Amino acid sequence: MSHNSFGHLFRITTWGESHGPAIGCVVDGCPPGIPITEAEIQSYLDKRRPGQSKYTTQRKEPDTVEILSGVFANDEGEQVTTGTPIALQIKNVDARSKDYGDIKDKFRPGHADYTYAEKYGVRDYRGSGRASARETATRVAAGAVARKVVPGLRVRGALVQVGPHKIDRANWNWDAVNENPFFCPDPKAAEIWADFLDEVRKSGSSTGAVIEIVADGVPVGLGAPLYAKLDQDICSGLMSINAVKGVEIGSGFEAAALSGEENADEIRNGPPGWPTFLSNHAGGILGGISTGQPVVARFAVKPTSSILQPRNTIDKDGNNTEVVTKGRHDPCVGIRAVPIGEAMVAIVLADHYLRHRGQTGQDAAQDIDANLDWLPTDSSS
Amino acid sequence: MSHNSFGHLFRITTWGESHGPAIGCVVDGCPPGIPITEAEIQSYLDKRRPGQSKYTTQRKEPDTVEILSGVFANDEGEQVTTGTPIALQIKNVDARSKDYGDIKDKFRPGHADYTYAEKYGVRDYRGSGRASARETATRVAAGAVARKVVPGLRVRGALVQVGPHKIDRANWNWDAVNENPFFCPDPKAAEIWADFLDEVRKSGSSTGAVIEIVADGVPVGLGAPLYAKLDQDICSGLMSINAVKGVEIGSGFEAAALSGEENADEIRNGPPGWPTFLSNHAGGILGGISTGQPVVARFAVKPTSSILQPRNTIDKDGNNTEVVTKGRHDPCVGIRAVPIGEAMVAIVLADHYLRHRGQTGQDAAQDIDANLDWLPTDSSS
Amino acid sequence: MSHNSFGHLFRITTWGESHGPAIGCVVDGCPPGIPITEAEIQSYLDKRRPGQSKYTTQRKEPDTVEILSGVFANDEGEQVTTGTPIALQIKNVDARSKDYGDIKDKFRPGHADYTYAEKYGVRDYRGSGRASARETATRVAAGAVARKVVPGLRVRGALVQVGPHKIDRANWNWDAVNENPFFCPDPKAAEIWADFLDEVRKSGSSTGAVIEIVADGVPVGLGAPLYAKLDQDICSGLMSINAVKGVEIGSGFEAAALSGEENADEIRNGPPGWPTFLSNHAGGILGGISTGQPVVARFAVKPTSSILQPRNTIDKDGNNTEVVTKGRHDPCVGIRAVPIGEAMVAIVLADHYLRHRGQTGQDAAQDIDANLDWLPTDSSS
Amino acid sequence: MSHNSFGHLFRITTWGESHGPAIGCVVDGCPPGIPITEAEIQSYLDKRRPGQSKYTTQRKEPDTVEILSGVFANDEGEQVTTGTPIALQIKNVDARSKDYGDIKDKFRPGHADYTYAEKYGVRDYRGSGRASARETATRVAAGAVARKVVPGLRVRGALVQVGPHKIDRANWNWDAVNENPFFCPDPKAAEIWADFLDEVRKSGSSTGAVIEIVADGVPVGLGAPLYAKLDQDICSGLMSINAVKGVEIGSGFEAAALSGEENADEIRNGPPGWPTFLSNHAGGILGGISTGQPVVARFAVKPTSSILQPRNTIDKDGNNTEVVTKGRHDPCVGIRAVPIGEAMVAIVLADHYLRHRGQTGQDAAQDIDANLDWLPTDSSS
């Protein structure tokens, strides 16, 4: 067990505070021989990086990753994983700790200030310390490695709701996701969100969001009953992200309102080893084990608790007071949660891929490309 | 790591198949000196036991629990835990394996038949084998032990939605929960559900449901950032239950539509060490750590996939065919999921209570009774 | 983590006390499709079974194993593992708890009475409860499964020292091991031990012993630096056996007196992928990873603390007193430790085989038979 | 599970290669509020630091430790642990990779070259990469934190054998340990070793050694049956150190030759809760649980495999060849193993202290000072 590790055979351990000298993670158990470079990891970090639009925090962090161990040149001179721990480190360069003097002794509502103080008796209050979403950069870095562990795996995410505004799923276009500052697959919704978020931002408020992650190319058989279910571990991984309050797989909470015949995905003859499911209410997982269909997960992020409006609270001596949270904050942390959610799903899949291979000896020799061909394009149908 | 264990310091390992000779679990790491009897565990099993109303499966299982180890008489002659593994065992007595001959070679839609077959190459198909909800009896037994680990803890559950029919939260009455066959806290909703479920049952169909679990008496400080968050582990525990497709904490998915000022629970001066929160959108957890407010979790259960209507599927050779699932099934597995959900939340809380005590040395010396007095009665407000 | 589990991908969890109704273990993570029967497991239990000669305890336990889950008939009708937890159970049938009334309140020197009492405050004193070597029957049962996980693996053990009397390694004959009541590979030493142990037994005393375990057919590459070394986990497994006070690999403590050129095993060209080592001081492990040579481990067992001679001790109130340990005890627990040590080594190798396959994707396609052919017959040279 | 982590509640994860930019570790689960500074950690690193005498490697590494997270000023301005992960980092500054060009393609006997190559297919051969004892610096750093977790704990080590030369235990003097370059408690033996090691060093050879670690101030009750025995975890920790081939507790392998009445430590009335043991053959542990007596462990280190004499081996293509290991090496790695062994024992004790507190709620309120007073001074008696 560990309080700051995640995964089993593919395992990450993260460390660092928002305003400390650096943050980092150790990726342990990665298979050897996987080509990986700092540039490749950086490309994912750049998606999560703050300050890229007016809709995210203005803190200027280059989030430059360094690989400190676990990668070495193979006989062909290519940098590959060696099977030993991969230490990834990101220096903090734009911390403004003075912004946080006011909250040293006050507990911000919706934040972990009170609970950390009660649990540990001491806390690094600067930029929320360990409770800061800054830690998630290390997850994205680790996720970049994880993505390469499962041959043929593709993990993509999108924002599907901002505040009360949901996308129209009929407009879903994966290409659109990278063409707006919201990772929104519905160009029309993106316009509505832009107006909505301008308003939220100007009023010093914040808003929640829902993110959807879709993984395709997932081999059949990942996961295990019971207590090591693939959906269970995906939910665990997503719930471990700051501000997440709900997680669902496939039809999720909507399944509660369905009948058995509506919900259970019928099966038809398909390519050998890859039957065709006529729908994907299951989100690609049955009995905790992947079906070969796309794995579909969604998670809800609460509105940022750091807002400019004064709020009732107490100080550490128990006195009633008010607090206003300055500092540079995301009006909607859900936006940057997209690459983070992708990373966590990739990490869970990498872990279960290795666990499955360990227990059963099965590798991914199945024709993943064939699989992708016949899969329904609307993974959430 | 383990595929069939859950928890860390308080840890359960379960075994057994639906139609094998018995099912059981080993509870490891339980503190010594806790009084526990078979009768006490039985009282919780009796809540989950099948065949108690026409709305659940008619399989007649007494679910009689035996304690095989880990409990011994103390100096006062009271049976108490000894700190060594507690083996709990329940014999299967009413398995009708012949009902399942038809599905030996066919994959039932919505079931784990296909994924088990692909992953393991062999499966105990009788009554779904390991994938059967029968395994959950062992969780309830383990949960009965877990409830006694945290002094002052009370974990209660209720069904809050059946199919499309939600309760009216204004009618919430905990006393009503045990007065209808649905664990429904809203007597009026219970009547609607009775009619709805009669219809579902007669038509050979099934329906989904949503369950809410509320734990009060939870000390401040349980959980840990990051990857050992209390909410993360609760979600993991609930998602490990058969048929669960979504999990949420506090306001959950609704938080996505809120603003920061609506969502973040304000704090006022309360009893020493127990500030008063003016609302509980957080569901009793901030930054992954308990606040002392009631912990509130909800989970969605899909409709039973075992239905009498013929469904398209394939057999193990890949041929198209149809399947009808006979056997004795719950039209709404959500009903019996209530005591199961309670058990999983109790297990997570017991585990984190020990972990917290281990890391910080804090015990539960806080005045839990005082806590319960001032807590808002409507834990979901 | 767990207090009563061992291993990771291949993992056992044991439960039960000496005089409780039964003892058992859950084997989790076993690969599916491995043929296994109760008779096969029984054959190993019969080696460890008490009461087979005058040199072991006269407690009459048939040690009959039952498989309660995790095994099912495959398409050919053969009983095979299903990949789900295998529950193994052995009933206790010859407990004589009245022998232990005297030690209820006294701490026997060399026993765990005092430490259990201080740690847990309550203990099952009958037959030493959880601290009894009776628990090791479940290890032997689990080991019988583990042996089948690694293709081509053979794990054998022998007693190499009883009290001050060591074997003459020049006489080593594996066939002799099963031809005397001591698992002794040196027929001449067996004669000396028979006399020595008769004397020990008659005087109500006891003696220690050293056991050697040799595993051949171990593929290259099992284990991992650092903290998951194969030798580390073998030592951990052997030290987890009751009464073990020392463990060593290859040349072990004698390596301390050697020079680098004496100790480091030189390498010569051998079959592809299987170089010839000119000696095996390393005990088949370099840098925590198996070399393909036989894995050689030894462990020292202290003399049984249950002796008939009166010993100084205190009672639970701290008063000085004397204690005489009646009951039926082994004068040399080292004898029956041989099959137990074999089981633990097999369990570690099975676990690391799965972990290695998980991380690297390598299976055991190497020609193990070829390997066995050219290996030096004297594995301890 | 993890390949590069150790411990459970108090858990270290290490990373880094001998010639990479840095090495480091993450200490997770440390209790909050423990004062710790870089200077304090440095004092232990300085004991292990290379190049301090002619008897250790001449590589000049300052081994300067940096704390990158997990420590913050409390209200009194003192730097204390916050309960979040403590990242410790040490830069490599004196790597001479060119020394290792020759071994890029050759497998050094006694080294992990061959096994790494077979397992991973790629390896950082420079200075042995991950298999280098350089990694142990991070253990010493983590051990400095661990020492402070258990109130009143003192962990000390000494070299008790170099090559064939053992100390005379009658001369044991803890004060002498820091007055010679060998951590030798017997001043006379130190003189013999000096001559012996000069010879070894000049001849380009190397020698093995035995180290003894003694921990006093260990509370009663640490450890747990079975598979989480304190002695088991100490052995696991010591065996995880490079070059260790054997481990023993208390009388260890000598116990095999003893009778039950010689070995079992008698008990007499002592201070409340702290009975007096008349000897300590048990090494402070009975049934896997600490007795309150000093915990005594010994481990054997093989002679350094890096020697200047030419040795038979093969290259990576399987061709017979010779290899000479240049580079800067310790003629006796056992010397610097003393602080490393201390660190590992401290880490195990810290972990079990937290586990014990978690399960039982017992803290260390016992009067440790009183304990130290009456304990036999000769812990190995």
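Here are some notes:
Labels A, B, C and D are assigned to the chains in the order they are written; within every chain, residues are numbered from 1.
Everything that follows uses one rule, which is that contacts are C-beta pairs under 8 Å (C-beta built on N, C-alpha and C of every residue); 3 or more make two chains touch, one makes a residue touch a chain.
Note that this is a predicted model, so its numbers are computed, not measured.
Separation of chain B from chain D in touch steps, taking the shortest path, is 1.
Across A-C and C-D, the chain pair carrying more C-beta contacts is C-D. Centres computed as Cα averages put chain A at a distance of 39 Å from chain D.
The distance from the centre of chain A to the centre of chain C, with each centre set as the mean of the Cα atoms, comes to 45 Å. The distance from the centre of chain C to the centre of chain D, each centre being the mean of the chain's C-alpha atoms, comes to 26 Å.
Residue positions of chain B with contacts to 2 or more other chains are 1-5, 8-9, 14, 29, 32, 83-84, 119-120, 130, 224-225, 355, 359-360.
Here chain C touches chain B in the complex through residues 1-5, 8-9, 11, 13-17, 20-24, 26, 28-29, 32-33, 66, 68-70, 72, 74-75, 80, 82-87, 119-124, 129-130, going by the rule given at the top. Within the complex, the chain A residues that touch chain B are 1-6, 8-9, 14, 107-112, 114-116, 118-120, 130-131, 135, 161, 163-164, 200, 205-210, 220-221, 223-229, 231-233, 235-236, 239-240, 242, 245-269, 272-273, 275, 278, 281-283, 285-291, 300-307, 309, 311-314, 318-320, 334, 355-356, 359-360, 362. Taken in their complex, chain B has these residues touching chain D: 1, 8-9, 29-32, 83-84, 224-225, 354-355, 357-361, 363.
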